[in-house]
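Two complexes follow with chain A in common, the first pairing it with chain B and the second with chain C.
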Partner chain A sequence: MMTMRNLLLLAVALALLVIVPPFLGLGWQNMLVNVLIASLFALAFNLLIGQAGLLSFGHAAYFGVGAFAALHLMRAIEGGLPFPTPLVPLAGAAAGLLIGLIAGYFATMRSGVYFALVTLAIAELFHSLAPQLEGVFGGESGISSMRMPWNGIVFGSMLEVYYLTLAWVLVCGLALWAYTRTPFGRLTLALRDNEQRVRFLGYSAHTAKVIIFTVSAMLTAVAGSLQAISIETANYSLFASNVSAQVVLQTFVGGSTVFFGPVIGATAFTLFSFLVSDLTRSWVFYQGLIFVLVMLYVPTGIGGVIQHHIHNRRQLDWRNMAGHYVLAFVGALLLTAGVVFLTETVAVLFGEDYAMVRHNAEGGLPPFELFGASWNPTGLLTWLLPIVLLIGGGALLIRARRRISTIWDRKGPSNATATEPLLAGGAK
Partner chain B sequence: MEFAIISTLNGVTYGLLLFMVSAGLTLIFGMMGVLNFAHASFYMMGAYVAYAVSSVFGFWVGILVAPIVVGLAGMAVERFLLPRVHAHGHAHELLLTFGLALIIEELIKIFFGDFPVNYQMPAELRFSAFEVFGATYPFYRLFIGAVAVVMFAALWVLLTRTRTGIVVRAAERLPAMAEALGHNIPIVFMFVFGTGAALAGLAGAVAGAFYPTNPNMALELGVIVFVVVVVGGLGSLKGSLLASLMIGLFSSFAVGLDWSLANLLGVVGLGDWARSVGGLLTLELSSISATIPFALMLIVLLVRPAGLMGERN
Partner chain C sequence: MTATPTTQTALRLAAITMSFGPIEVIKGVNLDIRAGERHAVIGPNGAGKSTLFNLISGMFAPTSGEIFLNGNSIAGLSPHLINRAGLARSFQITNIFHRMSVFENLRIGVLARHGVRYGLFRPVAGMRQVNEETAEVLARVGLESRGHDLAGDLTYSEQRALEIGMTLTTGAEVILLDEPTAGMSREETEKAIELIRTVTEGKTLLMVEHDMGVVFSLCDRVSVLVYGDIIATDTPERISANRAVQEAYLGEEAAS
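Moving on to the complex of A and B:
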């Protein structure tokens, strides 16, 4: 439902997205561009898994195709083609449409695990062929280009790129949202829930799936071309499996059952990697851990939990619950601190730098620096601290979770069949 | 001739190695319908465990301990993690194993570093088996092949000639019926998963000493193993043996051949046209040897998803 309040929230978010960036530094503007691109990528990907129930493991293919198509057009503009630079993503969309139509036609002939394997194989085909094809993909080094000025806009600053990206992401995001409101959008959901029935009603399930796949691939390609515009270069590594993997992680952590869930996941992951990747080399490990924990304990993702709480906000006894939520949050924080401390300690102790230090100390175990303090590898405190954090945090979290679920159960029979309340805090 | 013989030998041993890893994957899929993305990670885990153990206790202890450790890890995954997501369907199981693969890879990078480790075969196995055309052929390649053959024989006997095998096959066919007859199906599943993981771990421990042991080995082998099980037919042990040998032979032959589509078209007189078009048509087989398996997998999936030997379509 698009109520007045939701509209207002959307307007505020939009206004913030437009007004704030000029006051930010270059690094943050760049980060925001990445957030927007990742969000569109995840939204387009979620059209398949969240709404049509098709799990694609090769969406990097369409992302890459979009990027290369945009770069080819940008090179043509450099060569004198009178084409407005802000419309370059159209080239990506066209390429994504075409490739998505072909790939989708074949991929959707299969369902379930086999569909995932077909998409995986298609992406691997691109990944292994691209370095060999000089003309299209520029071989191993890839191709690059420059953003050309258009109508007085030079696209020299990151801010201009940001507004261009914002405009495209908003248009595509709104189009996707509008899509879910159309009868075909309802049919998409029906395909996920009961494909046989859809066929029985006289629809061609295959045709519908091809269309859905094509739309998803096209918008993914738009995201890819926005990235090409932003970094002005692309090579075959765009087709790599970790690009496909990233969008899977972001979408499911954010919540594939809610329309804006993938945006939450994409924003959280991009923001965290921007903030954290300088500090730790274990960032991908934490990503994997978060993903597995979400899969195990919060299968609806962060977005799903938030939506569940908003839906039930009137029936809930917030006054009683607030304390437990604070407790759960503290428990999750302690647990996170314990895991991070342990991981970083191990990373330091097994790292190359420390091996050098040990070598210089002739086999001894000299103390190491971590979080601004010095720790003794054989000291009791070094190992007791994370253990206490883990046990204490775990106990707090389990206790709070039990209390919270009793309160949820008491809420009334109206929602007795609803999925059991799960803690967003458990995701960390 | 020299090229053909050496390539055949290398191809067969590589194929047998592929089979060692894919056997567990296909067995698990056939039984539980779980496509285990972490299976190649078990292979990598085997290599690293063997490396860590062998540096203290020697090579043979490492080879013995690695499959046990990896098998236990596999059992733990099946016992404690998979049931939690089972209710949400196969897609969630697949995603969970996918997350686990990521975690295992990163853990290995944290503990052993993001570079190859020096895991070597022992001196007593470092000799040449025989000479072909003046070149010595390493015995260790034959050793890898022999381990795979012994493993396949043992697995085959276990599955077809023993009581345990009957229960396992029954559990694969009709789990509910087998359970009604009084067999503990969850335990059977757990042991099958553990055995599959242990086999991958053994393969890693044996092969890691010959091929490079690095944090990318799971990713590199993983996709090829998927190709093998799909081409052989998901769930079919014989199929994956056949497909392993095919892919193994193909990849060892392809690197030395410079055939291209242009040459092929040259037979019918279109060679010059093809060369003028360039692109895909002039790519040599050796440079696209990494691509062909995926093309093959794609064709199999689209034309005959049951694979070469699979029964279910």
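Moving on to the complex of A and C:
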């Protein structure tokens, strides 16, 4: 029954993904391409952390390798190689497989922190070598190419790129999901749970981890090559640690214990940066704040929270709870408003522009513009407003949270079993 | 003890030593386990029983000496190769996959026996033979009704039964059980003895056991390990009559 419902949900989502984009503007189409690429990247990354329990801090390496491999093939096609453009990501997959195999062989010799550090070091190796390798990575400026037409498809419009990306992400996502149902997929979970016991059951844990790492690197590289197709260029900044960090943030905020969690995280962050990055320069700060809050209060991520509610949907007193959820939402909104107001005020007051204004005003504190109004830096209202928002929102949220947790404690026994298909750790 | 191992010897330890730094924990152990027998290793705390198991099963490599499984040297091999050679072990501290279902805990080993260790191209749900055999083991250890529950949710004695079940799944003929009844009540112990008796039928069993009652009702022979050295190997009756053993071990326990 659960599976039926999931299938239906997937079908609806798929239909929307196919039907809606032609009606969107170029900016939104581009944003959706980025969402798809980030989703595949996060799904492939989560194969390691969510299923095998291996935290890689250097997945930018395989994303970048995929992008460069795709661009090299695209350049060859430009030069006359009769290779179908839609299959360019195969070059990324091949390169990711090879590099993942080599890097994975060494990285998976260790676990835990040491594994994370080795993956970080490998990515840094690429980051520092790439600008010097003119032939492979095009030096500091990187390499560029053009999408060549194939079989009447020009690949000139963003929409064509979108459908190509969608097809690849769906195929790879499906493959990753099928993976969880194979014997090796089950072994992957066993490794996360208890690597030692796996060894004593006749499995070479190292061999298994190398294979997992290679699969993850290969699909990460496919995501990288899709980005190369989309923006037709790549340079060494793809190997930067912030690319590696971004996928970690997205996966954990989305929920690494749920199969679709990383997709939720990738979508949320991509959408967030699309909507907010033009409005404020503090958006990276907000991103970090969201990550910290999620880790502190909902460590299973957005996906984990959703799954928890779905599992317990029959035991929960929804009628009683709805009001408190609305209250919690209002509280969170007020709190957010307070934080944003305070952050933006501080950003203005300590910014370069305001320093200039102050210079012109000979050291005084002239009023500043924010949210379409003028504020006096020494005015009571300027500081009272965010404080009221913070205290009011915080109080509301704490109160609602307490009520909600009482209702959760009162609910009947959970009907969650080890066989819920959504749960990566339990799919049978 | 340098004679070539005969076919009747399932497991042979020849002058095994093991040192952790300057401390020699195992001091030249010689031991022959006959094919098909149930053999217990007893000894006071810190005698090196668990270390001995870790050496045989490949967790550590011995400092010197040889270990033969069915005549083939296995000393220093990795655990997975020793398992594939036909030896499986359980652990003193329950060592299962807590976040997976009981059924899946057992299936991992069954898959290994069927050689689909790294299978990536077929769903496991469709592997009838594997799933049937898993269900069989599940029934043999008396956990039929718990198959879909998370292993971490089992009671202690159920987890111990699962632990034994997992040891059986890879199809090994030589089974090492490390204190299978530790921490169990009298009644649970009785059940565990029966379980071990039936599931090791026709196999070779080597077990570490503290409870002399268990040893008497289950084992054909007993070896006494004291300070890294085997001081006697004999039938349970004669071991309990042995003066040196009484002084070294049984007397100590009676006094405590």
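One rule holds in what follows: the second predicted complex is superposed on the first by the 410 of 428 C-alpha atoms of A that agree within 3 Å, B and C clash if a C-alpha of one lies under 4 Å from a C-alpha of the other, contacts with A are read in each partner's own complex, and residues count from 1 in each chain.
Methods note: a residue touches a chain if its C-beta (ideal position, glycine included) is under 8 Å from a C-beta of that chain, and two chains touch if they have at least 3 such contacts.
Remember, it's a predicted structure, so these values are computed and weren't measured experimentally.
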item	value
First (chain B), second (chain C), both or neither touched by A:Val198	second
First, second, both or neither for A:Ile391, with chain B first and chain C second	neither
A:Thr207 touches, of chain B and chain C: first, second, both or neither?	second
Which of chain B and chain C A:Val20 touches, first, second, both or neither	neither
Contacts of A:Ala190 with chain B and chain C, given as first, second, both or neither	second
First (chain B), second (chain C), both or neither touched by A:Thr182	second
Touched partner set for A:Glu124, first chain B, second chain C, both or neither	first
Touching partner for A:Gln287 - first (chain B), second (chain C), both, neither	first
Winner by number of chain A residues touched, once chain B and chain C are compared	B
Footprint of chain A on chain B - complex, ascending	33, 35, 81, 84-85, 88, 90-92, 94-96, 98-100, 102-103, 106-107, 109-113, 219, 223, 226-227, 230, 234, 278-280, 283, 287-288, 290-291, 294-295, 297-298, 301-302, 305
Chain B-touching residues of chain A, taken from the complex the two chains share	49, 53, 55, 106, 109-110, 112-114, 116-118, 120-122, 124-125, 128-129, 132-133, 135-136, 241, 245, 248-249, 252, 281-282, 284-285, 287-289, 291-292, 295-297, 299, 343, 346-347, 350-352
Contact footprint of chain A on chain C as seen in their complex	57, 78-80, 83-84, 88-89, 91, 95-101, 103-104, 107-109, 111-113, 116-125, 127, 130, 148-150, 166, 169-170
Interfacial residue positions of chain A with respect to chain C in the complex	178-179, 181-187, 189-190, 192-194, 196-205, 207-208, 211, 417-419, 425-426, 428
